[in-house]
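Heads up, the next two complexes both have subunit A, just with different partners, subunit B and then subunit C.
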Partner chain A sequence: MTTMLKLVTCIKQVPMVSELPWDPRTGRLKRNLAGGMINPACRHALEAALILKNTHGAEITVITMGADIAEEVLREALAMGADRGILVSDPKMAGADTLATSLVLSKAIKKACADFDLILCGCHTSDSETAQVGPQMIEELDIPGVTYADQLDLNGRLLSLQRLSDNFIETLEMELPGLVTITTQKQAPRYVPLAGLQDAFSQTDIDRLSLADLDLDSELAGAKGSPTKILKVYSPTATKDNTVLKGSARKIAQQLFDQFDDKIGGAIGKDIKNYQERP
Partner chain B sequence: MDFNPCMKHKLVRRTVRDFSEAELGPIAHEIDRDARFPWEVIEKMRGLNYFGLQIPRKYGGAEVDSISYAITIEELSRVCASLGLCVTVHNSVGAQPINSFGTEKQKERFLPPMASGERIGAFCLTEANAGSDASGVETNAVEVEDGYIINGTKIFVTNGGICGVALIFATVTSGTDKPSTNVFIAEKDMPGFSVGEIEDLCGMRANPVSSLFLEDCRVPLDNCLGQSGSGIKIALTALDSGRIGIAAQALGIAQGAFEAAIKYSKERQQFKKPISSFQTIQNYLADMATEIDAGRLLLYRACALKDGNKPFGTEAAMAKLYCSSIATRTTNLAMQIHGGYGYSKEYDVERYFRDAKVTEIYEGTSEVQRLVISRAVLSQHT
Partner chain C sequence: MKDSRNEIWVFGDYRNYFQNRVTLQLLSRATELAKDLKASVCAVVFGHDVDEWVNEYIAHGADRVLVIDHPDLKCYKIETYVNLMIRLLGEQRPEVLLVGATNFGRDFAPRVAKRLKTGLSADCIDLNINEEGLLVQTAPSFGGNILAQIITPKYKPQMATVRPGTFQEIPHDYERTGEIIRIPMPTDLPRERVNLIRSERSPQRIQRIEDAKVVICGGRGMGSKKKFKKLTELGKLMNAEIGATRPVVYANWIEPEALIGQAGKHIQPKVLFAFGISGAIQHTAAINNAEFIIAINKNPNAPMMAMADIAIVADANQVCLAMIKELKIRIRG
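Right, the complex of A and B next:
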């Protein structure tokens, strides 16, 4: 007898991209003024979970760490087809960096859904762009993991994944249980059905976990457990400096590499200045 | 008294806004220009419950509350009023009368395909000589064995060109009895039922508004809605709910035009300053914001009364009267703020301007709303 596949999707509430108000004095986001939404990559992770549910049958638990208002993204996920929502919330969790966040989420998953088969996370968030929480959870939970996947195919306990890496597609395989972070490249997330939205509020309760429930030292959560210090936040200044290279194709190519080796190297991920051809 | 929207209503707004901006935004201009009904978007809306908004779950609907309903119509209309019109007419005056007055057999037969959007509903009261005077319908129904034979012409039927189910208001004359108004559920495949040409209208051009012809159209007894002679009651009940939908639609148009005006006023430079820095423009924007907010409060009050199973007809009439009037005022000011560009079809405010006007006319003109409101006011102060 096979048991129901147990999926966990970690989602984060981020400010609406279209409503991102900045305080020009401090350079910080005025989070309390912006409407909240599911982080776009997390929405793709949820879509990947919903596709697995549709094809294989699964129970999807969505989990988020945040203030009470983050209940909204859990309700939205339930409306889209998730089965259970968990809000991990405690004033002592405020100000968490990625390390403290991944620790809290890992503890919450161990506490509330220890028998998970697969954890799906967005590959990064639109409000901080670190892309660290998923990989850190892989370490914390000591499970196999793949980052930046954009397509999943499950066959028994074997998960095949594809990810775009530079200009080629990698196909990987991973035994469950594991964790995968999902990009926004494929499978546009479904729209929320209005009947599902009504049910998400009338038929399902959100489970809540506090720091005490996780049996976690408060020194390891929130700002206290966060080694990352933000020194400054600012908007980059856009510039339009154009350089016109003239001459023969060979001369232009030479100038290009002489003058812009750092930019070209950065784009393709190679140290061009010290690059040596293979013998 | 809490004036803050609850989490559910905030999510309904964002959900519908996401859909509208992504799916309707890119085509709203084109379907208005070409007077094209966008079936490709309708297919996407069908699975998201837009056609079963207030239809009970047991018949496949979403059974949303009235505030969620109003927000849905408001957000669709903020981007594309023609589609907002299609959805609200289908739901409020197409499906709801069947839900409220239909037999169980009729509900089981008609509501599931209406909830899925497979069959779109229409409400056919207006005729060449009837409209505001609901009792003046000249479409005639003659009782025969197992049903009625109907003859007449309905005009300005919203969703007329695409409807699968049409509620026909007709006068029944039989023997010496006093003529009565009855409602019949006509189906598009019935012999004698046909659709006229799509009207070439000022606004709402993506909605196929048309005439419907009934020529010796035989309607079986199973398709008679409500008691014999209850036509006026069904019409007035349906229109009470319908007014919530049209008020929401008008509010959405006003909101769309208002946002366009704010954006443009910040971009448009005159005398080396954005025009939003001039007090005249600021006054316009302040008036628009205040009126939209007032309209929204009137509308949601009517919805809250309806959800609380309290009388809401007068409040719905007030909301419809006020929201439609601010839709025309707001779109007028939005066009003024846009100047010459606003008069061009290049900018959305020109479409909003054309779409707004009819909200003062259909589902009860502003004059009829004043009649409804004044009757209530006078009866309360005897």
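Right, the complex of A and C next:
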């Protein structure tokens, strides 16, 4: 007898603009989509969970840590086919680096879905791009884990994974329970069905967990629980005394190769000096 | 204060040429940092038959190399490597551990940091030592539009990952000597729970954009997929590799491997052409080591233009076509 597979997908709400969802026809950002969205790699992780649900039958719990507004991405995930959404939210969790985040998410999973079989995370987020939370959760939970997986196949309790790692195509195997981080290379995530979206926003409840619910010392969460400290943030500015070329494209190309024939010719390993008279 | 070893450690990520270089680049930077800290530089190598790399690391600046050489370490194994590193760090307590941001490094470093509950910053574009002797890690942050200087004041080692191509390696010196410490493989390691069933080298792309002398990068300003493809033709004429910004990769104008940026590849060409690229920090963080930049953009105020040695104010696609035409006339034979 087998029991229903229990999957957990961790997702993060990221700012839209960092992904630049632009209209290819107008070249403009789709600002009407406003605010936040599910981080692309997290969306792929959710898709991987949904495929497992279709083929093996599974219950999918989606967890996010964030402010109240992050509830949106949970509802979107529910509309895509997840079964349960959990918002882990507490002002004391703000300012967390990856160490504190991985601790809080791991504790939340232990609280909400202690008998999980597989945790799926995106391999990195589009806003901070550290790719650290997944591997740090593997450590916190002390389970087998694989990062940057493109594809997974489940046979009983044995999970087989494919990935490209530093120019090596690898096949790996591990026993469940475990954690896998998913790339954006394979399996385009499904669209969110409109009807499902309405239901997800109107009918489904989102569970909430605060720091107190996690039995976690507040010293270990948020900025307090983060060993890294930010000294300062700044906008880099780089301005060079540069040569400006303007005019018709043809003139520009000629000028460029005339004035910088040594520089460019040297780098490309070809003689591009102009030996011809031109009208 | 705990007694810690005044050393900067660099993880020896030698698995292929690519990783080999990032380790050498880190050794180079570590050598600079070591001067400020009055510390020494130590490379740590796990593997089997790795003497070649051990000698290479000494030639590139390591004062000491810790080696665990054993048949079981023939392939990279994540849990085993983490366990070995944790033991060495626990015994020797270096000040700093630097890891290349390869796929393996990005898995390995966070786990090591987590185990020790120390800080780790990702994809640093600069590393320095401040007046308190702390490692200042400059990393793109908050969506990459700004840079953050990060420190790990209370925990050791202070850890950072760095993308290949961020620092320049120092030329090798095979006369250089260093101490090689061979450490026996522990016999009491936990069993690896993730098994590598098969591993083969990917046949893709032999010429690597990270090493290319000339790189042509295209952005959204190229206008369309069809127009973007013209860069390939220009690239052939100039023996250049083609790179792209994130919007272009997301629009599927080119394969994701072409991504030049914080989350992609870092390049250091002699000449870089930036066609229709506005210059978001996610992208420019990866091209800081380009020697000579030629930017083509309709907008003279685009940040990319300010970084350029030659700023061409024009339609990127038109200039691409004109350059193709002009080069065909000039390149004879």
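General remarks:
By our rule, the second predicted complex is superposed on the first by the 209 of 279 C-alpha atoms of A that agree within 3 Å, B and C clash if a C-alpha of one lies under 4 Å from a C-alpha of the other, contacts with A are read in each partner's own complex, and residues count from 1 in each chain.
The working rule: a residue touches a chain if its C-beta (ideal position, glycine included) is under 8 Å from a C-beta of that chain, and two chains touch if they have at least 3 such contacts.
Since the model is a prediction, treat every value here as computed from it, not as a measurement.
Look at A:I268: by the touch rule set out above, it reaches subunit C but stays clear of subunit B. Once the two structures are overlaid, the count of subunit A residues touched is higher for C than for its counterpart among subunit B and subunit C.
After overlaying the two complexes on the shared chain, residue contacts for A:T130 are found with subunit C alone; subunit B is out of touch. Looking at the shared chain after the overlay, A:F201 reaches subunit B, while subunit C stays out of its contact range. In the superposed model, A:A253 lies in contact with subunit C only, and not with subunit B.
For the contact definition in use here, the subunit B contact set and the subunit C contact set of subunit A share no residue.
Within the complex formed with subunit B, the residues of subunit A that make contact are 35, 37, 71-72, 75-76, 79, 191-195, 197-198, 201.
By the touch rule above, subunit B contacts subunit A in their complex via residues 7-8, 10-12, 14-16, 18-19, 44, 47-50, 52-53, 57, 61-64, 68, 72. The residues of subunit C lying in touch with subunit A in their complex are 15-16, 18-19, 79, 82, 102-104, 106-107, 109-111, 113-115, 117-123, 136, 140-155, 193-202, 204, 213-214, 220, 224, 237-240, 246-247, 250-251, 256, 262-263, 269-271, 281, 284, 292, 294, 300, 303, 305-315, 318-319, 321-323, 325-327, 329-332. Residue ranges on subunit A touching subunit C, taken from their complex, read 15, 17-20, 22, 24, 27, 97-99, 102, 124, 126-136, 138-140, 143-148, 160, 163-175, 178, 184-185, 226-240, 242-250, 252-254, 256-257, 260, 263-264, 266-274, 276.
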